[in-house]
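Paired with subunit B in one complex and with subunit C in the other, subunit A is shared by the two complexes that follow.
Here is the complex of A and B:
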C-alpha cells in the first residue's frame, strides 16, 4: 500500500435520512462547511437556540430545496454538526434557521422566519458583481457557499520584512484601477490591482494595506447624491457581512465564484514583487446594525454572545454604527482568532490593521480592560507569531488610546498625533518645533520601551483629505455625500495656500507642490513606519471631499492620467522612498536617545536651528533641523552616511549653519523641495557636493535633505 | 453536465481535445486522460479547448493538476480557448505555468 491509497474511514457513510437527504452526525470542528469523504460537514454554534435547521438551496434558487433539522444527537455542547451526503457542492448554497426566544431584555432576538448566513462562510454569493441590483425580495441575500480552498502557492514564503523597514501604501481595491484611465483588463478588481504591481514596485513601497476586503454590501446606503440624484454606495466597506469570505464584487471572476483564487493570485504576485499584504479588518461592529438593522447572521444565531448589550438588552454603540462586537467574550475571541489565523494561513496575509481597535479591549459590559483576553491571546498566538498588528487605537465613543493601547510588545499604532503635528507645523503654525522633534524621533513620549516601529507615521489616510487636498482646501466640501456637509472631520489642519480649490495661479500651485513635498520629506525621514495614501504620489484629489466613504466614482478613483500630469511629484516621491530604503539610519527600530553611544563624536540624533547645535524651541520658531549620525544606524551595527534634514515653515528664507563633519567628509544635496525639475532629488549615492560646505540657504516653506559622507577625490 | 474528451498521442506529443463543460462532476474524466498522457511519457501536452464551453473552479484546478502530473519539464498549452474561458484563466491567475495560445 502506497501513500496514495487512503484507507476508507469507518465513519464516512450515512446513518439515517433527514429531509430527504442521507446524513450522519457531523464533526464540530472546524465550524462552517467543509467537504469530507462522501459529503459535506456543516457545523454551527448557538448557545440559546431551541432548534436549528440546515437550509439548502440550489445555486440561485428563490426557495430552499431542503431544510434539515439537527436532531438532539447531532449536537455537542452548543454546537450543531451534521454531515450531508450526495451534495453537489459546486451548485449549493446553504444557511441556517435558528428558533429560540425573542426576548430582547434577556438578549435574545431569535427569528425562525430568517435564513441566516454562516459566520464562518468562506464564500458568499449575492453580491457577485459590484453594484448590480439584486432581487430585493430574496429571502436569503448573502448566501454561504462551499469553497474549493486548494491553491498552488508555488514557492510563496513569508517575506518577513522587519516592521521598521516597511513603507506602507494604503489603497482601496476597486478605487485603485476602476478609473477608465487605468488601462487594466479588469478595472476595479483584484486582477486589476495585480496589473498595477509594476507601479507599486517602481514607487518602492514594500507593503500594501487594503481597505476592507471581507464581503460587505456596497448597496447598503440609503442616500443619493444631491447634485446628480445618483445612488451613493457603501464604497469603503467598513461594514462586514462575512469575515471569512473575500468580496466577490472585487473579483473579475466573482460572477463565477472564483474570488478566493483571484485574491490568492494577487497576494502571491505581490509577494513575488517583494510587497507584503496587510488587511484592514473591522471587528468592532457588523453590518447588522442595531435592532433596526437587518438580521444576517450573528443576531439570529446568538445575539447575546456576539454583541455588547446593556443590562436592558440594548445595543452598546461604541463603533458609532449601531452595534459593537463583544470581542472579549470567549466565543467571540475564538471567532476573531480563527478568522485572523485563517487569513494568515490560507491567504498568506502578512498583517492586519484593526479599525477602531480600542473596542477590542472593552469587556462585554463595555468597560476598558487593562489586560484584555482577546489582545493577550492574539499577542501570543502561534500562527500569528510574526503577523504585523496595527491598531487604530481609538473608537467612536471617546476611548482614545494612542500610546496606551494594550500592546504586549507586539502592536503598532496609527499615530494620529504625528499626523496632526506635521500638518500643523508645515502649514506654518508656530510653537510646534518641540513637538515636531518628538514626532519625527518616533514619538518616544508615547512609545518609549516599545520601539519606534510602534509608531505608524502618516499625514494622510482614507479618512480625511488626500495630500493634494490638504494643501488646496481650508474647509471640507462633502456636499456630494448627501448630509449637507455635516459629515467628515472638521479639524483637518489644512491650508489652501491662498485660494480654495483649483487655482490658476502659478504661485499658489507652486507652493502647494512644495508643501506636499515638505510633508512627504518629513514623513519619509522620520523614525517609525511611514504610511502613504494611494494617489498622493501623483497628487490625487477628491475636490475637497474629506469623507469619500460613499463615492464610487471619479471623485475617489485613482486617476492614472495624473501619473504623467504630475510626473515630477511622482519622481520626487519615488526618490524619497528609495532614499529611505538606502539609509538604515532612518530605519532603526529603537528610539534615538540624543547621546553618542558608539564614540563617533556625534549623538545618534542632534537638533539644529538656524545655528548648528542650537535649535530654537521657542514659541515663534518655525525652523527645525536634525542630523542623524550614520555610525549609529541600526543600533550601531551598520555604518551609514550622516543624514541632515531641515524644514523651514516660515514665509521667509533662512540661512542655515550646518553642523561640521569629520575630516574628508562633506555635505551633499539629496533634495530641496524648493527646486523644481530638472533639479530633482539625487542621484542616489552620487548626490552633488554643496557649493558652500558649511551653510545652506533654505527658502520659505521648504525642506532640504543632505547626506554627509566622504567627498569624492579627484 | 456534458463533457467529452479524446486523447491522442503521437511522437511524444499528447493532444487532449475537450468539449463541453469542465466542472466538479466532469473534471475526474479529464484527469483520467491526463493520467494516461503522463503514463505514455508525453513530453508536451496540448489541450484543444476550441469546444470548451465553460470552465468552473474545478476546471481551473484541472490545469494545475495537469502541470503537477506531467512534471515541470513538460510544456502544457491550452489552444483555441474562447475569449471568456482564456480571460477567466488569466484573471484567476491559473495561467502562470501553462501557455494560452489562440487557435
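Here is the complex of A and C:
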C-alpha cells in the first residue's frame, strides 16, 4: 500500500439506527463536528447532564429534521460521541439538547427546552449578513455548522517577525472598508480589507491587530440613538458567541457559509505582503451575560464548569458584562488552549491580544493566582511557542497588573502608563520629563528583567479618543451612545488646543496637526512595540466620541477621503514608520542602560535638555531630548546611525545645544513637526545636514528628529 | 438540483460544458465525471456559463480536478464565470489558482502557456 491508496476504515460502517439515521458510537476526540469517512463525527462534553441529544436541522429550517439521543454506550467519561452517516454536511445545521438539573444554588442551569450551540463549532450560521434582521423567535439562533477545513495554504506559515521589530496597526474588519469612500468591491468584509493591503504596505506597518473576529451578535445591543431613534449595534464585538468560528457577517461570502475560506485568504495575502495578523480575543466572558442573559451554549452544557460562580451559585462579574469565564478550571483551560491552537494552526494567526487578560489569572473563586496554570500553559505550548501573546493587563474589577502580569518570559502588555504619560506630557503638563524618559526607554521600571518588547506602546486604541480627537476635544461627547454621556472614560488627558471640536482657526488647526505629529514622533522612536490606531495616520475623527463600541456608521468607519485631505499627516506617519524600520537602534530587545557597552564613547542612551548632556528633570521642565548611539543597535551587533530626538511641550521655543558627534560626522534633519508641507520628513539616508552643527532652534509644541552620520564628502 | 455535463474534443483540448449548480449534492458525481478528462489532452476547458452557483464543496471539487490535472500536466481553464461565481471565487481565494478566460473564443486564442 502506498500513500496514494487510502484503505477504507473498518469502522466506517453504521451499527444501528437512531432517530431514523444510521449511526455508530463516535470518537470523543476531537470535540465538535468533523467529517469522517461516510459521515460526520459529533462529540460534546457535559459533566452534569443526565441526557444528551444531537439535534439536526436542514439549513435554515425552523424545526429540526431529527433528534438523536446518545445511548449510554456512546459515552466515554463525560463525553458524548456519535458518528452519523449519510448527512449532507453543507446543508446541515446541528446543536445539542442537554437535560439535567436546574439548581442554580448548586451551579446547574440545564434547560432541555433549549437547543445549544456547540462550543467547538467552526462555522456559525444565523448572523450571516451583518445587521440583517433575524427571526427573533428562532428556537436556535446561532447554528453550528460543519466546516470543510481544507485550505490550500501553499507554503504559508506565521511570519515570525521579532516582536521588537513590529509596528502594529489596530483595526476593525468592517470599519476599515465599510465607508462608501473605500472603493472596494465588498465593503466592510475580509475581502474588502484584502483589497486595501496596498494601503497597509505603503504605510509600512507589519502587523494588523483585528478587533474581535470570533462570531458575535452585532444585534445584541438593546440601546438606541436618542437623537435618531436608530438601532445601536454591538459594533466592536467584545461579546463572543462562538470561539472557533470566524464572524460570518464580516465575510462577503458569509451567506454562502464560506467565511473561513475568505478569512484565510486574507491572512495568506497579508502574509505575502509581509504583514502579520494578530487577533483581539475575548476569553474573559461570553455573550450569555448574567442570570437574565440568553442560554446559547455553555450555560446549558455545564454552567458550573465554564463560569466563575459565587458560593450561592451567582455569576461573578469581573468582566463588567455579567459573567466571568472560569479560565483556570482544567476543562476551560483545555478549551482556551484548543481554541488558540486552532487559530494558529488552521488560520496561521501570528499573535493574540487578550482582552481584560487579568481575568485569566484568577482562580475559580476569583482570587488572583501567583502562578496561573492557564497562562503558564499558553506560554509553553508547542503550537503557540512562537505566537505573540499580548495582555490587556487589567480587568473590570480593579485588578491592574501593568508590569506585573505573570509573563513566563513570553507575554507583552498593553502599556497604559505609556499612553497616559505621552498624552499628559505632550499636552504640556509639568513634572513629567522623568517619566517620559522612562516610558520612551521601554518602561524598564515596569518590565525589569524582561525585554523591551514586553511593552506595547500606544497613544490611542479603539477604546478612547482617536488621535485627531485627542487634540480636538477636552471632553468626551458620547451622547449618541444613548447613556447621557455617562459611558466612556473620563481621564482622557486630552487637550483641544484652544477650541472644542472643529475649528475655523488656522492657528488651532496647525497646532493640532503638530501635536498629532509630536505624539506619533515619540511613539515611533520609543523603545518597545508601537501600536497605531487605524485612521490616525489620516486624522480620523469620531467627533469627540471616545466609546464607539455601538456606532456602526460614519462615526467609526475609516473615511478614505481623508487619505487625500490629510495627505501631509499620512506622509509624515509613513516616513516615521520607514524611519523606525531603517534604524535598528530604535528596536533593540534590551532596555538601554545609560552606559557605554560597546566602547563607542557614547552611552546607549544619553539624556539632554536645552544644554547637551544636561537634562532638566525639574518639575517645571517641558523639554526633553535623547540620543541613541547607533553603535549600540541590537545589542551592538548591528551598525546604525545615531538618532537624536528632542521634544518641546512648552508654549515657547527653545534653542537647543546638540551633543557633539565623532570626527567627520554631522547632524542631519529627518523631521521637524514645526515645518509643515512641503518641508516634510526624509528622504531616508539623504537628510540635509544642519546649517549650524551644534545648535537647533525648536519651536513651541514641536518635536525634532536628527540623524548623526558621516558628513557627505565631495 | 443537478448538474449536466456535455463534452467534446477540439484538437488537443477537451471542452466540458456544465449546467446547473455545483454543490455538495452534485459535486461528488461531477468530480468522478470530470477526472477522466484529465490527462486525455494537454488542456481541459471547463465552461461554467451555465452554472449559477458553486458552493464551498463545489469550489473544492474544481480545485481537486485542477490539482490532479497539474500532476498530469494538463492545463485547466475555467471559462464563462458568472459575476457572482467569479466574486465568490475571488473573495475566497479560489480564483488565484485557476486560469480564467471570459469565454471559449478567448480561451482558444490564448493557447500558449
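Basically, the second predicted complex is superposed on the first by the 712 of 714 C-alpha atoms of A that agree within 3 Å, B and C clash if a C-alpha of one lies under 4 Å from a C-alpha of the other, contacts with A are read in each partner's own complex, and residues count from 1 in each chain.
The working rule: a contact is a pair of C-beta atoms (placed from the backbone, for glycine too) under 8 Å apart; a residue touches a chain by one contact, two chains touch by 3 or more.
This one's a predicted model, so the numbers in the text were calculated from it and none came from an experiment.
Novice: Given the superposition on subunit A, are subunit B and subunit C in a clash or a fit?
Specialist: After superposition on subunit A, subunit B vs subunit C: clash.
Novice: Between subunit B (first) and subunit C (second), which, if any, makes contact with A:148: first, second, both or neither?
Specialist: both
Novice: Check whether A:617 is in contact with subunit B, with subunit C, with both or with neither, and answer first, second, both or neither.
Specialist: Neither subunit B nor subunit C is touched by A:617.
Novice: Just which bits of subunit A does subunit B share with subunit C as contact spots?
Specialist: In subunit A, positions 88-90, 148, 150, 152, 185-186, 189, 191, 251-253, 256-258, 261-262, 264-265, 268-269 sit in both the subunit B and subunit C interfaces.
Novice: Mind listing the subunit A positions that touch subunit C in their complex?
Specialist: It is residues 88-91, 148, 150, 152, 185-186, 189-191, 251-253, 256-258, 261-262, 264-265, 268-269 of subunit A that touch subunit C.
Novice: Of all residues in subunit B, which touch subunit A in the complex?
Specialist: Those in contact with subunit A are residues 23-25, 56-58, 60-61, 64, 67-68, 87-88, 90-94, 96-97.
Novice: What part of subunit A is in contact with subunit B in the complex they form?
Specialist: 88-90, 148, 150, 152, 154, 185-186, 189, 191, 194, 251-253, 256-258, 261-262, 264-266, 268-269
Novice: Using the touch definition from the top, list the residues of subunit C that touch subunit A in their complex.
Specialist: 23-25, 55-57, 59-60, 63, 87-88, 90-94, 97
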